[in-house]
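Following this line, the structures themselves.
First chain A sits with chain B, and in the next complex the same chain sits with chain C.
Showing the complex of A and B:
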């Protein structure tokens, strides 16, 4: 008896979200098969890989990273350089200096930085994803200002949470036409609830992506992977339209904050150079997130971006 | 008396003729080709755009548009015509204003605000949509005095309501040097009634920006303004016809008008309210537009945070000790009619802490009276049970127990910081109004410390508690329309879902049907959702087609069918938080129940943790089931397999806990007296042989029942 191939194509599909303006626009989502199952049905928009940078500049103690950003000092220069990273589908600004536990610069100043980055990204032909502070109060005040400042660039702003989604969703999406991420803490029901609440504010489905949590491989990552899988399972097998937003997972901050990427080579000579370890943490985490079903990942190191997007290209 | 409709039509004619003249003058002065645009907007003349879809850019185009607008001025004696005329009046008013802006971008030279830019529409629109600004008011006319003008403006300001001023009240406020402007949420729009066009332009643009309302879609616009824009109008007497014609448009959008003018004025419920007392405008208006104010802080002299929840006030540190075990004390929530409640009042009947000797023990009663259109008496116990958490959050205040077994201590430090009994009212008010704002509109608190009064009050409270208990008993699975699910535990047990019914509470013991119902109504997107049970497949075993559909969806496809009354056929799953586990005991044809607190072995040869490992995690294991303690005495307990007569063994402590109710159920179902004594426990048997011997001696009914498998 011969082998008969049965394509596993679902009647349901993940929604599409377009980020970026004009030539810089990129679409994520839209698939109706498991991740990378392009043999079951064509996947029109491949999972996107982004490269992130802080408004305080790259970690220049990492030789390869420092070389990549050499000569780029201003946020605009750094953003422009990031746009040239091989394999990067989008760039991402982390507004680190706006963090209330850090420099805590005023929202107006942070919005001006975001505008600078958005202009540089659009000029460089890449969409911009902005990662804010994660502080509920500060983000509630900051995100509407960013959305206003970056008008016309169709940026994706991460993220709205259950505590502050109202003002963020209405200001960013409805008033200024940007895209937002809905952030929940590794729990399918909380993700669903937040999506429902955001939809109730009159936010169209094509304006919102899900940020389901963050973790580095080996550090509770299996919870995140399982949540991504369960969300996709509900979205595709049960046609649950409250869970059909594309999924974005920021990887860089967590991957570079674990012991493997932090301890120095002097302390652990047998582990080899720190930069290589960090890149490997990023790659292994990102690949697992993509396999679980993420539609976009954000990485910090250009070498990791190149490897991960290369893998995506070869699998599609 | 002149008819209301005629006043609208006469007023409309007046507005149209003023517009006609302004337009003629503008054509003469500037010519028909002269460009015409409101500053800083992408929405042309927003009223014309919204109502007629016309994109006016020149004076000539405005003239054409105005000719079309004249067809909106219909003098027919019906509501539709009056409302349409009202919208027409807003176009006529916009035409008057547009002619001014045709001559220059700032016709008011900063004296009045006039037109609102798109940026201002967005800045004000966001908080209006999110309810951070609960609504806006348009105040027109001349207040009875300058002081009262300031009072009403400040009154709205302190309630977070955005204020638009039109007419003489602006001068009154200026004489009193009131700070006005967009940042302080008070905008002096203009001196005449036709500047109302700018406010309506704001409304129309907000509907287009935030509501995605398409120009020309009147139905969508009306829907949006009614449900999403919480606006209302205050007009001081005398109210002229032209103002009445604008009022028609406001009412058409769902914005009620409150006035003190009675002359030729016709009250219309929810639309035109005559309030002779101008100082009561604010309250009348908020009630008419259903605006609820957000309570964000608890105004008490000590810290208030969940960090203080577990704080213990020791005897030596106690300033006053209210002890329900020794003196009549209780706490109670009651539902009243809205008019019976003075919102945010706390009354103290009896002495305050100052008049109590230090360290004294006394009784206390706290009654929170609430009213709300969506309030149900079934919610009362839900709020009441949370008094404990609310009060405990205050630093230096300790609360234990509930109903009439409460204990409340106030520390010396809290007293020295200024804490008095009225602050208990402040805590309860703020928490009830913020936590339950979806159902409570008004709340007042009464505190009783007169020791002579307390016994009678307590007797009254006990009657309420008894009624509630009776209500709980009268609730059966057949007597209610719907069940609820509960997915609270999915964060750690992702495939489990509880179906909660009146006769089968959640397996954790913490979520009864009433709790689930309240959770659902208070938070419609929350963890408890309505489960219909209209399509029975097998009501004896407790299987419904629609319950199964819900289980499939809420378990994200992990479960396909669940029976509510059987331990053998598709038993309900468990997350792991069950109070008890029930498992079949093959020798006796019965079941063993063990509760979490019991450490010993059961006749099944397993302990609680060993049985738990077979039961939790959202897996269906026929023959094993997790459940709440209160389910044991339910008539639906294992109904499919013969009910509670199957119970052959329970730990002694559990037997004592459920004895009275279980005996009553067994008597009703099987006519057996003292059934609980026929059930074995750890004192008679921990192995099957000894258990069988005991059961045979007691002639336990399970021995004669059909095999379970």
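Showing the complex of A and C:
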């Protein structure tokens, strides 16, 4: 008997979310097959790879990274440089200086930085994703200000949580037309609940992505991967429309915070240069997240961005 | 695992309000029940116009168009003993939201409803009986296989045949209930789709008892692998039971607000 290929195409599909304005717009989501199963049905929007930078500037102790950002000092310049990274589909600003456990700059100042980055990104032809502090109170105050300051740039702001989603959803999406991420720390039931609550606020599905958690490969990553998989399983095989939102996973912060990326070459000469190790941590983590079903990943190092987006292109 | 499919049963000519609405071609009562059922989680709407021997074709076309035009081409189960009315209804049916269901065939006089489904690329509810109540599950399975083979010989996909185990009233046939549930499991083990009019089991019971019986039997049937049911989606307690069974069986992902979905 001849082999009959049965494409595994689902009746359900992931919703689409557009980020960025004008020529800078990028769409994520929209697939009705498992990740990269483009042999079952065309995947119109490839998974997006982003490049992130802190408002405090890149880690210039990493030679390759320092070379990439050489001469770029202001946030606008850094953002503009990030837009030129080969393979980057979007750029991402981390508002590190707004963190209450750090410099804790006022929200107004942070919003001004966000505006600067948004203008530079749109000018550079890339959408902007803004990562805020993760502090519930600060973000609740900061995100509406960012949303207002970045009006017209259709930015994606990460992220709203169970404790502060109400104000964020109303201000960022309803009032200023931005996109938001719903963050649940590796908790599938909370991920669904948060989507339900945000939808009950009248927020259309096309305005929200899921930020399901973050972890570096080898550091509890399997929980994150299985969470992404379980969400996609519910969205596609069970047609659960409360989970049919694209998934975005920030990789950089975790990948650069583990031992493999931190210890110096002097202390561990047999491990080789630190920068290479960090890049490899980013690549390993991002590829696994994409295989599990992520629609977008955010990386820090241009070399990692190039490799991961190159893999995506070859698999599509 | 596909989502458990609810076929809303409330547009049924046994109800005086619906009977009158059909007779007078009065949309309001039908639209109201359709809206309520869809809001409560029905996927399909059953449209039972009774035997409709005289003007069945016209009634079915009117009803199908009425429901689909007002509710975004909602999929409909066409329910009548008048075969011509079903053909006429399917002729105006928009399948963009799902194939029509023909309700229903059996292994006896109504075997021809399977032919009707095959000719029209429809789903058919296939009642596992021939004349009266099947003696035991061997007989049920024999009818099931007869209908399955008949449908497949006509080119139907097995997924388009939803087998109905024939729900039996508890008062009078209490000893047959376990076997009924076992048959649902057999269908499930064979990978076949199924449906049932579960509330038949509580027929003749006091009004305050029926919801309890309906809810418990529904939960037990879902556990046995029933894939859809014809029921009243506006029975909140019953729908809560369906949703909870789906969560416990891991067919839907839990969230604190799951009963509101």
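One rule holds in what follows: the second predicted complex is superposed on the first by the 316 of 316 C-alpha atoms of A that agree within 3 Å, B and C clash if a C-alpha of one lies under 4 Å from a C-alpha of the other, contacts with A are read in each partner's own complex, and residues count from 1 in each chain.
Following the convention adopted for this analysis, contacts are C-beta pairs under 8 Å (C-beta built on N, C-alpha and C of every residue); 3 or more make two chains touch, one makes a residue touch a chain.
In this text, all values refer to a predicted model and were calculated from it rather than measured experimentally.
Enquirer: After the chain A overlay, clash or fit between chain B and chain C?
Expert: After superposition on chain A, chain B vs chain C: clash.
Enquirer: Counting only touches as set out at the top, which of chain B and chain C does A:144 meet: first, second, both, neither?
Expert: first
Enquirer: Is A:188 contacted by the first partner chain B, the second partner chain C, both or neither?
Expert: both
Enquirer: Where does A:201 make contact in the superposed view: on chain B (first), on chain C (second), on both, or on neither?
Expert: It touches chain B, and chain C stays clear.
Enquirer: After the superposition on A, what does A:167 contact: first (chain B), second (chain C), both or neither?
Expert: In the superposition, A:167 contacts chain B only.
Enquirer: With the two structures laid over each other on chain A, which partner does A:176 touch: chain B (first), chain C (second), both, or neither?
Expert: first
Enquirer: Which of the two partners, first being chain B and second being chain C, lies in contact with A:13: first, second, both, or neither?
Expert: In the superposition, A:13 contacts neither chain B nor chain C.
Enquirer: Return first, second, both or neither, reflecting whether A:56 touches chain B, chain C, both chains, or no partner chain.
Expert: neither
Enquirer: Under the stated touch criterion, name the partner, chain B or chain C, that contacts more residues in chain A.
Expert: B
Enquirer: When the complexes are fitted on the C-alpha atoms of A, one of 77-85, 149-157, 185-193 or 239-247 in chain C overlaps chain B. Which is it?
Expert: Stretch flagged for C-alpha clashes with chain B: 239-247.
Enquirer: Report, in rising order, the residues of chain A that make contact with chain B in one complex and with chain C in the other.
Expert: In the superposed arrangement, which is not itself an observed complex, chain A uses residues 188-190, 193, 196-197, 200, 230, 234, 237-238, 240 for both chain B and chain C.
Enquirer: Within their complex, state which residues of chain B touch chain A.
Expert: Contact set of chain B toward chain A: 122, 125-127, 129-132, 209-212, 487, 490-491, 494, 525-527, 552-553, 556-557.
Enquirer: Write out the stretch or stretches of chain A touching chain C in their complex.
Expert: That would be residues 188-190, 192-193, 195-197, 200, 230-231, 234, 237-240, 242-243 of chain A.
Enquirer: Which chain A residues qualify as touching chain B in the complex?
Expert: Within the complex, chain A touches chain B at residues 144, 148, 166-167, 170-171, 174-176, 187-190, 193, 196-197, 200-202, 204, 226, 230, 233-234, 237-238, 240.
Enquirer: Show me the residue ranges of chain C that touch chain A in the complex, using the header's touch definition.
Expert: 1-3, 251-257, 260-261
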